[in-house]
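Letters A, B, C, D and E mark the chains as written, and numbering starts fresh at 1 in each.
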Amino acid sequence: GCLGSSDSGSGDTDANRNADAKKVDLVIGANSVKGGKNSAGAEFTQDVLIPKFVEAQKAKGVDVTVKFEGDGSDDEVYKQKLALSLSNKAGPDLISVDGIWVGEFAQAGYIKPLTDTVGDTAKVDDWDGWKQIQDSVQQLGMFEGKRYGVPAGTDGRVLYFNKKLFQQAGLPADWQPKSWDEIISAGQALKKLQGVTPIQINAGTAMGEATSMQGVLPLLVGTGATINTDGKWLGDSPQVRQVLDLYKQVYGSGLGDPVLQREAKGRDKSFAEFAANKIGILLEGDYFWRSVVEPKDGVAKMADRDTAVGYALIPASKAGGGVKGQDFVSMSGGGATAINPNTKFPQQAWELLQFMNSAEMVKASLNGAAKITQRTDVNSEVLAGDPMLNFVATKVLPVTQYRPGLAEYPKISAALQQATADVVGGKSTDAAAKSYQTAVEAAAGSKDKVSSN
Amino acid sequence: MVGIDIEGLATVYPNGVRAVDGLDLSVADGEFFALLGPSGCGKTTLLRTIAGLEPASEGTVRIDSADVTRLEPGKRGVAMVFQDYALFPHMTVSENITYPLKVRRVAPATRTAVAERTSGELSLQGLLERRPGQLSGGQQQRVALARAIASKGKVLLLDEPLSNLDARLRLEARTFLKKLQKDLGITTVFVTHDQAEALALADRIAVMQSGKLRQLGSPREVFARPANTFVANFIGSTPMNLLTGTVASGGSVSIAGGSLPAATGSVPVGAEVTVGVRPEYLTLSIGDVSGPSIRGSVVVAENLGTQSLVSVECDGTLIGVTVPEEHEPDPGATVVLTASESRVLLYDKESGELLARQPAPVG
Amino acid sequence: MVGIDIEGLATVYPNGVRAVDGLDLSVADGEFFALLGPSGCGKTTLLRTIAGLEPASEGTVRIDSADVTRLEPGKRGVAMVFQDYALFPHMTVSENITYPLKVRRVAPATRTAVAERTSGELSLQGLLERRPGQLSGGQQQRVALARAIASKGKVLLLDEPLSNLDARLRLEARTFLKKLQKDLGITTVFVTHDQAEALALADRIAVMQSGKLRQLGSPREVFARPANTFVANFIGSTPMNLLTGTVASGGSVSIAGGSLPAATGSVPVGAEVTVGVRPEYLTLSIGDVSGPSIRGSVVVAENLGTQSLVSVECDGTLIGVTVPEEHEPDPGATVVLTASESRVLLYDKESGELLARQPAPVG
Amino acid sequence: MTPAHVVRRIGFYVLICAITLFFAVPMLWLASAPFDASPGLGVHWPDWTLDNFRETRAHPYAMHSMLNSLLICVTTAVAVTAFAALASYALSRVRLPGRDALLYGLLLLSSVVTGTAAMVPIFVMMFQLGLIDSRFGVALVLTGGLLPAAIFILKDFVDAVPKSYEESARVFGASTVQILRDVVLPVARPGLATILVWAFVNSWGNFLVPFLLIRSIEKQPGAVLLQTFTDEGGSANLSVIPVFSLLFSIPVVVLYLLVNSRYGFRFHGGIKS
Amino acid sequence: MATTTEPAPVQPARVRGPAQDVAGLGISRALGFVAPALLLIGAFLVFPAVWTIYIGITNYRLTGVEAVSPSIVGLSNYTKALNDALFHNALWLTCLFVLGSAVIGQNILGFALAWTMRRARPAVRRTVEALVLLAWILPSTVVAYLWIAFFDRDTGTLNSILGTQGTAWLIDYPMVCLVLFNTWRGTAFSMMLYSSALQAVPPSQLESARMFGASGWQTVRDVVFPHIRGHVLTNTLLISLWTANDFSPFLLTKGGPNHESETVPVYIYNVALQGGELGYSSAISFLLLIANLLVALLYLRLLRRRS
């Protein structure tokens, strides 16, 4: 047919095809490239992982060639390209996907449960690596209860604050708000300082998914709701309105800088402003700590990061008001590595996937840097020296939530972003919520798939 | 014998215009032949049809006795000089001249020799390395001629080769061209809309109108005895006087309140005719004269150099007459015009064709 | 008195070309004045400087006694007709004619009236609603004139107004133009490179070369007594014979193996001079003649209509002579050339200026 | 000079200056940021350094991607010029049936190429043709996209070449090939050069086609790499981008200058109505 | 003229002779010349375009269930577009963009440049033309950076010049910025086209007008414009179509803030990539193509009316 993979027909479906091949070619694909912003990943794959794997296989008498296909581009464009390849039964053998794409890719038949691809359920389930990956993290590679890929690291969101500004405003250095009101009151204290934006919570359409992940969604779970419950999307509801009200409060009363939220490069700007001690409180992921204000290589270096930057858990709207009755909440993202069902060498691909996620390799991939990996054994070892990441791994990950990996999600997310944009742009909460409802209905396809309790 | 024979030739453009419309014509070996006519009469089309650049719709073209009607232009053995010379701007003069030879894969050494010889003949020696853009109009024209000659065509076709030159240069180039043609003896067909040029250069002239031949003859014949009023009006540096008259008895015609002698031949007395007489052949005198004459008053006089063209109003019609500069009458003067019988031509009132076939004036 | 006075005028183009180079000139009220010269001599530039289209680099231009040298073209009270007429193709004839008035915001009713009157004067009545593209060349020219006249200029400037017309039309338009100018009495400066046109039309002619004035005079003066060899060579439909000769005793000059009578005046015997004599003023005879003469043999003859231009080779030099068509000698014939003393002009060998100031031949 | 004249002159030069500034000022960034020790989004007097250049040279793909760009764009430009030349010549000189309709159709198409919409068909087609991960394939797609406008503009040039050149050569007996090679080609060179630059410039900046069709990063052209610097999640690498932008602009500018000095970069007849 | 005897408008009986075109090419070889170009255009332009039209009547997306089995949904994508407020917004913005930057901006600035540069000193002309052309030939990604830097809120050149530090031009006046940007970017084409068009205006006509004392504006209106009307229309058509399909606004504003600069091509991109709705985006592309066609036909009509 003209459109993608409607005829799945001729593909080789024997999971043990070429299992005994002595000459094997594998390709790893990822959205990272040397010299790009995710350079480290590409470097690791090309310079460490592949040689090591080739060496290990050589010992077994198999001549493997592994190629790395790196892209360096916008996630959406990468996704499109990947989907196009997969729909044409092509593409790399190991593919790295964002956790939220797993569902859509699975629905499209682009990826299959690992057990199907590898053919042998035991072979997959018995991998000892699974034990080292927390269940909540495993969700990243799962869809409808099946494992489609191995998660590749995760993250968590916190409230960062500038201790220097806090001191000037007379706020404590070990600040930990327990409700939204406490955030607002801290903001009001900060507002007295000259040239300081007290609170910056991502909003608007300009920064796309960043608004959802570092803004609406962590707030929404703080109201006790999740965006998708039992296959129904959350529509115009008291919880959504509560979140929008908070935005209204922040950006309507001069606590936040609405212009920053509208600029295409607004997020980068807010990083720079935080580093320049111009933003008091910022909702961000651990990426911010690792790569933005990192004193040596960060894009907005803060030499005094360790002393000047404080972090706190994101409170629910009020104590116990969060999802599952939690006091504190967070959202997490992360990728997974899946096997292309059309690979010529499914068995060897699975071996490579395991090798890639072995403790040794995961540790090597960090190259001395601290980062939250998928493996608890590695985390406990490498995060010891970094209190902040350790904080995320131990305090945030247990309370975190993941986005639903469904094809409609991007549009729902866009609707949420639009709603915040409306509010920040001056619309009333009511109007924004109403148009949100319409957008969600359109995105979900029908009214029945939307809940507006 | 490298002649050109054209029979029943017609060239019809895709838009239906019959630019050449049933023409019969022969050009003799070594002849310098002019195609003359007003703008749009089909001269260029005829030339291009001979060259093979336009396909003939009807009829045949024979060059050197061979039927070439269906032949490619390059195979007809013709050389052509275009009105804009069509010198290749990116080639030097010498490359331009030898391009026809290069096309035929003549050895470079031979080509150089030809370039030198031809440029010698046309006094272009110093210019061989220049490009056309660095030449004056006259030089460009000579390069175009040199190229045509170097191509060793049996027949030379020239489309208004002088019209891009300024007046003085044109006179020089004209003499040069005539001499060159006589020296080379090459059969040449040459298009012009300037009757003076055709008269001065050609051995024979074909006068065309609307794709048809109106007269064919030597310059003298065409000038002295135009076959019809169209040719009569077209030829001559001052327009022929064409006046309505009536044949009178005694070998004269009455026109403009007077009369002139004319060989009326078989034309019946009282018939209305168009009387044609050139200003050069009218004599202007002051005071009475004997014999048929016309009386009128001088309106305006234009200086022509050694002559003046005097417009005389005779009974309401203007008649032009040339007089030697020293005899120019004052405006308003009453004068009498006379002519010799052999110079007064009679044309049919309707068809405009020459009526009586009088003997040609002595040449 | 609407005259034009030009003093020390120079026009230098940004590239350094002194196209007009220190000119003094006066055009009288109502005069029909021709600027004549070869291509590139600066005629157009001079005209444009008068119009104000090119800024004068030096000198002054006065029109109607007012200094207009620094005035905008639109404010000088001059009207100009360009060589290509510059009719606006998208306007009807009547819109074209009245455009100058529209620019000056004259009321539409007045404009219509002017269009009607002017078109009447130039016999354009039936054409007012046509567009220029639908007019013949001659009609276009008249529309351009009508527009210039409607613009109510005190001075009319014409740049080669006839050169875009075909040969036959040009003769008619020339007569028309001369008559119109006389009727309107408007001071007119008119540029041409065609000496015949200048001779025929102008009251006075200025002959230019390289931006400088070479001769100023009536057509007759310029034709019969060119002030220098440049003018001598330029004027006349056939080029003047200019030959190197030596002044002999007894009022004659020896040239080309023979001699001609000449008013040598104060020129010393034995001096080398350039002898100028027009082909029209030479007489060709067969057999011996008395008095100074030149003997030679006929090379080629070109038909000029009633005359033929015969090139005679005399002792290695070619001399042109016109003969009536009926006396055209055969090529190769031995002939003798004579001339009347008043027609033989002597020019300085170096400067080319006319030497003896002989009395002008009777006119 | 009258005072009115002077005032008008002054006004004229003020206008020229304003326009010049309008066009020049945005380009200042390209002149300052690459040499600045702390390049940012903004123009200020640079703190001179060449470190950014060193860093760019050290980048694993930066220099190589330029070569890929050159390969793809030279192929595209040559192909566009060659095919457009053939087609426009035939369309100009031979009355082919439906010529005018074809030309207008092409003109419309040339402006209606929206990359995103045609992405799926193009990818699937190239995949079926086995031209994925091929720089040649990219050049093919780019050529197809640029051809209509190229033919349209080039036909204008050819129309302006006097036919008498070819006719004259034809009368000398030159074959069609000889006519094209010896006469038409040299005479139409300025037009061809203009189209060459135009095609080169247009393919040089194209991002989406190579990104979609090329897998290996070693084969990606500079446009994709520049996008990488910009778009990949995270924030922009401001020490490499200005230098790379500058380097990336040099080939087009050089090509333009070359062609402009030799032939004059302009439309000859002007696109006729 | 030769038209005194009315030529019979019969089609001549075509006899086979030498090829009728100037180079002796002949129809068959001419077709051979056109073939490679047409083949490429057919394969890489027409074919994908037709395919896109087909996708437009399905609910195809690249991922999810619809990727496996897209179904024909008829015209529902089109009815959806007609009710889509964002599409209306995009259409309106595109009109503004085309009108502001192409029809007015590039056209007028291009003409003004061509008109003034005609008489300017060669050095001045060459400098200005080179700058304008440079803006045209620089790669668009690079250009996007230049303009982001130009409009930047904190250190941007515009703010430094105007002394309006802190004004976020791209946020507060996104469409104005885009119009300015695109005028800057595309004026070169109009300038070149108009300079060659102006060369075709006989200087004598301009000078005639000057002789009558016409002002500059009167000259342009009465003399120049009628002459170059065809060029104006062709130019306007070309730049309008190019501008309507221009994707570079995305590089500057990504359609933001809040869809305030989301022209149709940007909207298509966002729908196709962010939303993944290829069926819908193809339908919008087709609508854009139809709009282009309509505009082109309108121009052609205007053009024809002229003669």
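Rule of thumb we're sticking to: contacts are C-beta pairs under 8 Å (C-beta built on N, C-alpha and C of every residue); 3 or more make two chains touch, one makes a residue touch a chain.
This is a predicted model, so every value here is computed, not measured.
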Sort the other chains by how far their Cα centres are from that of chain B and give me the top one.
-> A
If we define chain centres by averaging CA atoms, which chain lands farthest from chain C? Would you check?
-> A
Return the chain pair with more inter-chain C-beta contacts, choosing between B-D and D-E.
-> D-E
For the pair chain A and chain D, the C-alpha centroid-to-centroid distance in angstrom is 39
What whole-Å value do you get for the distance between chain C and chain E if each is reduced to the mean of its CA atoms?
-> 54
Between chain B and chain C, centroid-to-centroid distance (C-alpha), Å | 25
Distance between the CA centroids of chain C and chain D (whole Å) is 55
Sites on chain B at which at least two other chains make contact = 38-39, 52-53, 72-73
Of all residues in chain D, the ones touching two or more other chains | 41, 95, 119-120, 167, 170, 175, 227
Indicate the residues of chain A shared as contacts by at least two other chains.
-> 2-3, 74, 77, 80, 84, 265
Chain B touches which residues of chain D in the complex?
-> 95, 162, 164-165, 167-175, 178, 182-183, 186-187, 189
Chain C touches which residues of chain E in the complex?
-> 202, 204-205, 207-215, 218, 222-223, 226-227
How about chain B: which of its residues touch chain C in the complex?
-> 38-39, 166-168, 171-172, 174-175, 178-179, 182, 193-196, 199-201, 219-220, 223-224, 233-239, 278, 280-281, 300, 302-306, 309, 311, 325-326, 328, 361-363
Which residues, counting only chain A, touch chain D once they are in their complex?
-> 2-3, 31-38, 67, 69-75, 77, 80-81, 84-85, 88, 90, 265, 267-268, 271, 287, 291-292, 299-300
Which residues of chain C touch chain E in the complex?
-> 48, 51, 53, 72-75, 78-80, 82-86, 88-90, 99-100, 103-104, 151
